[in-house]
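Letters A, B, C, D, E, F, G and H mark the chains as written, and numbering starts fresh at 1 in each.
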Amino acid sequence: MASNDSDSRPAVGIIMGSDTDYPTMAEAGKTLEKFGIVYEMEVTSAHRSPGRTHEYATSAAGRGLKCIIVGAGGAAHLAGVVAAVTTLPVIGVPLATTPLNGMDSLLAVVQMPAGIPVATMAIDKAGAINAAILAAQIIGLSDAGVAKRLTEHKQELAKGVAEKNARLQEQRSKSVR
Amino acid sequence: MASNDSDSRPAVGIIMGSDTDYPTMAEAGKTLEKFGIVYEMEVTSAHRSPGRTHEYATSAAGRGLKCIIVGAGGAAHLAGVVAAVTTLPVIGVPLATTPLNGMDSLLAVVQMPAGIPVATMAIDKAGAINAAILAAQIIGLSDAGVAKRLTEHKQELAKGVAEKNARLQEQRSKSVR
Amino acid sequence: MASNDSDSRPAVGIIMGSDTDYPTMAEAGKTLEKFGIVYEMEVTSAHRSPGRTHEYATSAAGRGLKCIIVGAGGAAHLAGVVAAVTTLPVIGVPLATTPLNGMDSLLAVVQMPAGIPVATMAIDKAGAINAAILAAQIIGLSDAGVAKRLTEHKQELAKGVAEKNARLQEQRSKSVR
Amino acid sequence: MASNDSDSRPAVGIIMGSDTDYPTMAEAGKTLEKFGIVYEMEVTSAHRSPGRTHEYATSAAGRGLKCIIVGAGGAAHLAGVVAAVTTLPVIGVPLATTPLNGMDSLLAVVQMPAGIPVATMAIDKAGAINAAILAAQIIGLSDAGVAKRLTEHKQELAKGVAEKNARLQEQRSKSVR
Amino acid sequence: MASNDSDSRPAVGIIMGSDTDYPTMAEAGKTLEKFGIVYEMEVTSAHRSPGRTHEYATSAAGRGLKCIIVGAGGAAHLAGVVAAVTTLPVIGVPLATTPLNGMDSLLAVVQMPAGIPVATMAIDKAGAINAAILAAQIIGLSDAGVAKRLTEHKQELAKGVAEKNARLQEQRSKSVR
Amino acid sequence: MASNDSDSRPAVGIIMGSDTDYPTMAEAGKTLEKFGIVYEMEVTSAHRSPGRTHEYATSAAGRGLKCIIVGAGGAAHLAGVVAAVTTLPVIGVPLATTPLNGMDSLLAVVQMPAGIPVATMAIDKAGAINAAILAAQIIGLSDAGVAKRLTEHKQELAKGVAEKNARLQEQRSKSVR
Amino acid sequence: MASNDSDSRPAVGIIMGSDTDYPTMAEAGKTLEKFGIVYEMEVTSAHRSPGRTHEYATSAAGRGLKCIIVGAGGAAHLAGVVAAVTTLPVIGVPLATTPLNGMDSLLAVVQMPAGIPVATMAIDKAGAINAAILAAQIIGLSDAGVAKRLTEHKQELAKGVAEKNARLQEQRSKSVR
Amino acid sequence: MASNDSDSRPAVGIIMGSDTDYPTMAEAGKTLEKFGIVYEMEVTSAHRSPGRTHEYATSAAGRGLKCIIVGAGGAAHLAGVVAAVTTLPVIGVPLATTPLNGMDSLLAVVQMPAGIPVATMAIDKAGAINAAILAAQIIGLSDAGVAKRLTEHKQELAKGVAEKNARLQEQRSKSVR
């Protein structure tokens, strides 16, 4: 039931350096599903499988992808390496996989030189979810279905806060008694 | 001679918290011009002019903007505040305006909670330029002219490196003599 | 048994971005109770429920609040966003909710631009307790009952240290035997 | 022409560890003047003149001060030391006086233990200005004149942004030609 | 069996801000015992019991103490506050008691202004042990018994490494089989 | 079955400051074994056994070692101290053994002054493995067997990524059902 | 007068992302010259000229290089990208080219994942010099001429310290008079 | 006119890694002179002249030194290396000689392992001055003349603050007019 019905090809690629990143990056996938966006997901490494990564990135636009979400930790070069060879928007998710708590991956993803942007998200799960929403925002510019879901999503966020507030008031009234 | 000829309305909004941010954020403007993308530029502050900011952000999509580039320093909330009320892609450029060298603005821009992405760029000038390129990549998904210029831009980057290398070899041969 | 007896309206508002922040922010509430200060507590988000937040902040003074305590983590914009639209003192409590251990929220709360102060407290529980004490100090300037309790509180702190010292000497004499 | 006309005694004390801090802390003074708040200013050090500091802090409330603004750099203990012996609100301004760019003073001011709050501001000049505004917000709770000026100040901030925007548009039109 | 036999008065004072610091600071005590140095241990806080702290520090030299070991976490002012009022060597042990992992306490202890040194040790347990050894080194300058034990201690350290190496070789030969 | 068959003497020395570092540094050993490189492993400390360390480092080249891998945490001086007295390549592995998560050891290992390089690896296990691979790369320059295994290792890395990708696809298809 | 006389081909490649890095990386070249090691120097970028970089790195071993020195700043991916496709030792020099003072480049160079080491040096000039010395140490394992010069270099370092000490004593005797 | 009149031998050694550190470390010397303490000053490096450093450190106690002040920058190992081979108190002054502003040297000096303390001072000039004062505090334990001067020094510090305050009041009255 993707928004791009006539076209069942994935609109977004999600790649990550290791299958241990899957639990975090799966959040990006789940979020894309909420927006009805078809995606593919691959493990490929900037350093361990540079050929595979190059092939993936250079063929991405031709295969119909609209943007690429990249999760990586440590000296997180994967997003930059992909961005070097595609003109698609590349969205980077720094992962906290080393003792430095993701500060290393954040700086390695965000501090790209002039000419090659990587749209950097927050570290770990929040970043993975947001990468998917940014992808939806990009796709939504030319896809009315996704655009509509984004508006609904904003309303759900506000509704979610109201519900959390209700839960808080309940917790408080309990703890008072 | 914008790429969106039939539509001379700005496709990108560039906003910043202070006119002292102009020299840096002007780089985003110049870069958009290279891609033939019409833009507007405004000073508005998350904290000093919240009403103006809210009006700007909520009217952005309706006015035909495709994305919003936001430069801010210190406790840089402007990008997040804009992203809270629009479903357009918001691109954040952290500016090094305090003694903490931009680490404060970087963290305040990038560490957004799940639900509200800000596409974060590098600190200062490189980030301003890349914000414009990311905007072009987003617009290029549905604008063949911009897409073509992005491909040319990639080639120019590689050509620029070759020229820099030539300059280096020249410098070296001089310093040898 | 609030200090402002004739006026059972809350004197302090405590807000937070998520109900998961409740265990920490509840410390602020408990501390206010010790000082006999009536408070209200709400979940509202700078990014997910900007309308609700705006309404809360703009109506705060009119509803009789004397100051607002704000807990937030990550790119913690909530305190700044509230401070932008009220002239009440806003007290910010950075929460360690991301892998960066609260360094992100601390910088996002404290590095406010000239014009819009946020009175920033320590990260997490110590900050939540201290936010309440600062609120009491502010209210105590014009409320003799609260002022008296603050003086007693200082004495209790010193007494608490003496008791801890007694416990230490006991522990030591045990571990010696 | 202080707001507390009948009472020409200072309402705010500004202290700093060294006279070299004066250029920064003078901003706090200038800002208080805008709000018509009478203040005093002293050099006193937590470490070099502990007696003087203790005397200053313990006598502050009795002398009619409503809050104390403290500027300090490095291992910035002055605010905490003052807060230890007064129940007045203490506002701390971390100063970037060492090679660590104010990160040391920020942490030494803000990370106070539960029981003894210091209302921490941004590093350096923005923090000094905001310390004065927070003081005005506290005093404004029971001083209608100051409260009125705070509302005007918010409007001036917004007006200032509009003016900066006008300047930006002018700069841009110049640079275009 | 203290080294200063004729004088059973403590030669070293160990103070800490809370009894929760006891497990770490007890290491300083145990180490002093190895060197036969008599010590006292107290809980006192820079902020919660400033009077008690002042009394402790100002009377220290008169009571025969040769140096003071101070453990503190967060905005760790205790060592500096003590050093402000005594000319005895003050040895500071930063404790990792907040989410910032001791970086806050380290900077708050070590970055003292010119005039008031605090001899800063490593964070947590290694620092507590080393504080005691430094105290022994200071006392050993005029106490031949302690000096002799310090020389023996150096030999034990080297012997300890040799033993650890033997354990390693054993571990390795086991894991090989 | 070492690559340097005619010479069963170790080609690489692995040293560490404590036997508690063994579980991490054992990874370096296991990796060297994959490349058929004979190694020795010792505990020796820059600070606790300086004589032993000096003897080890000065005799290393004469005993046939080609490079020395050094694991150390905290104020990690061991690699620098060894590099000071040998002209063999010294490879440093910073270990996260203190509350500062290895940032202290990283800076203490990598920021060597001009004249005395230490080839610094990532913090902890990844660094230990990579130290061994770098040693193999150095030895492989003049050892065809090791060089061949390095080429195979690169292929295995790529193959490993492909396998991880297969596992990911499997995980995904499971989680879909 | 290269040490590898029969072979005038470069033994070391020095690459950098921009010609603005030349002044720093030239130090690596000058140092190699002291050791009589022939080198080549090129500008090539991980992101702007990925094809050129790939070609350079994959052909390096075949062209007779023994190791590759890589200078890069910001999200410094160049060393990692090169290391991904060669089994030669890769030596990384982080450059302080952004407001973050080289902390970004340091982490992006050093925190490589298991499997792909980069021998990381200190930030900027000291690192560039040390990269050359490490290259000499590697080459010196199988080149007696370079090995001899390394021993002499160590002696010169010590002699340099003695000379600096002489200068210090002179400065002191002057400042005393 | 040294305090140890009968003994004109230096009581304190000041060493530093390079003569470029002299301007900062000279402050330690000047401060010792104020206390009438005879000192010596040498350049010696942990890494470039390890033999000289070892000789200096092992002979220090025998030559009558009471403590050793060590200034060093970057991967500042000098203090630790000295402390490894002497039982004299070693006082470390981290110097900001690299782009990391002294954070590297601070961590490399202070995070010493259990067994080998280095009494760490603030970064740069304040640290150099305080190293001398700590040395005086140590010597003053058994030298009545130095002890007396320390008491006077404390009074001068307080007097200095009073004078600075006078200057401030003067500056203010000028700027008012």
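We adopt the following convention: a contact is a pair of C-beta atoms (placed from the backbone, for glycine too) under 8 Å apart; a residue touches a chain by one contact, two chains touch by 3 or more.
Source: prediction; values computed, not measured.
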If every step must land on a chain the current one touches, say how few steps get you from chain C to chain H.
2
Interface residue identity across copies chain G, chain H - same or different by half:
different
With residue numbers as the basis of comparison, which of the pairs G-H, E-H or B-C duplicates the interface of D-E in over half of its contact pairs?
B-C
Roughly how far is chain E from chain F, going centre to centre by Cα mean, in whole Å?
34
For chain D versus chain F, what separation do you get between their C-alpha means, in angstrom?
52
Distance from chain G to chain D - Cα centre to Cα centre, in angstrom:
49
Junction residues of chain H, two or more chains touched:
45, 47-48, 74-75, 98, 100-101, 103, 110-113, 115-116, 122-123, 126, 157
Go through the chains and record each pair that touches.
A-B, A-C, A-F, A-G, B-C, B-D, B-G, C-D, C-E, D-E, D-H, E-F, E-H, F-G, F-H, G-H
Chain G touches which residues of chain F in the complex?
66, 87-89, 91, 106, 110-117, 119-123, 125-126, 129-131, 133-134, 137-138, 140-142, 147, 150-151, 153-154, 157
Can you check the complex and tell me which residues of chain C touch chain A?
18-19, 22, 26, 29, 41-45, 47-49, 51-52, 74-75, 98-101
Of chain H, residues touching chain F in the complex
17, 45-48, 50, 54, 73-77, 80-81, 83-85, 98, 100, 103-105, 107-113, 115-116, 118
In their shared complex, at which residues does chain D touch chain B?
96, 101-103, 122-124, 126, 157-158, 160-162, 164-165, 167-169, 171-172, 175
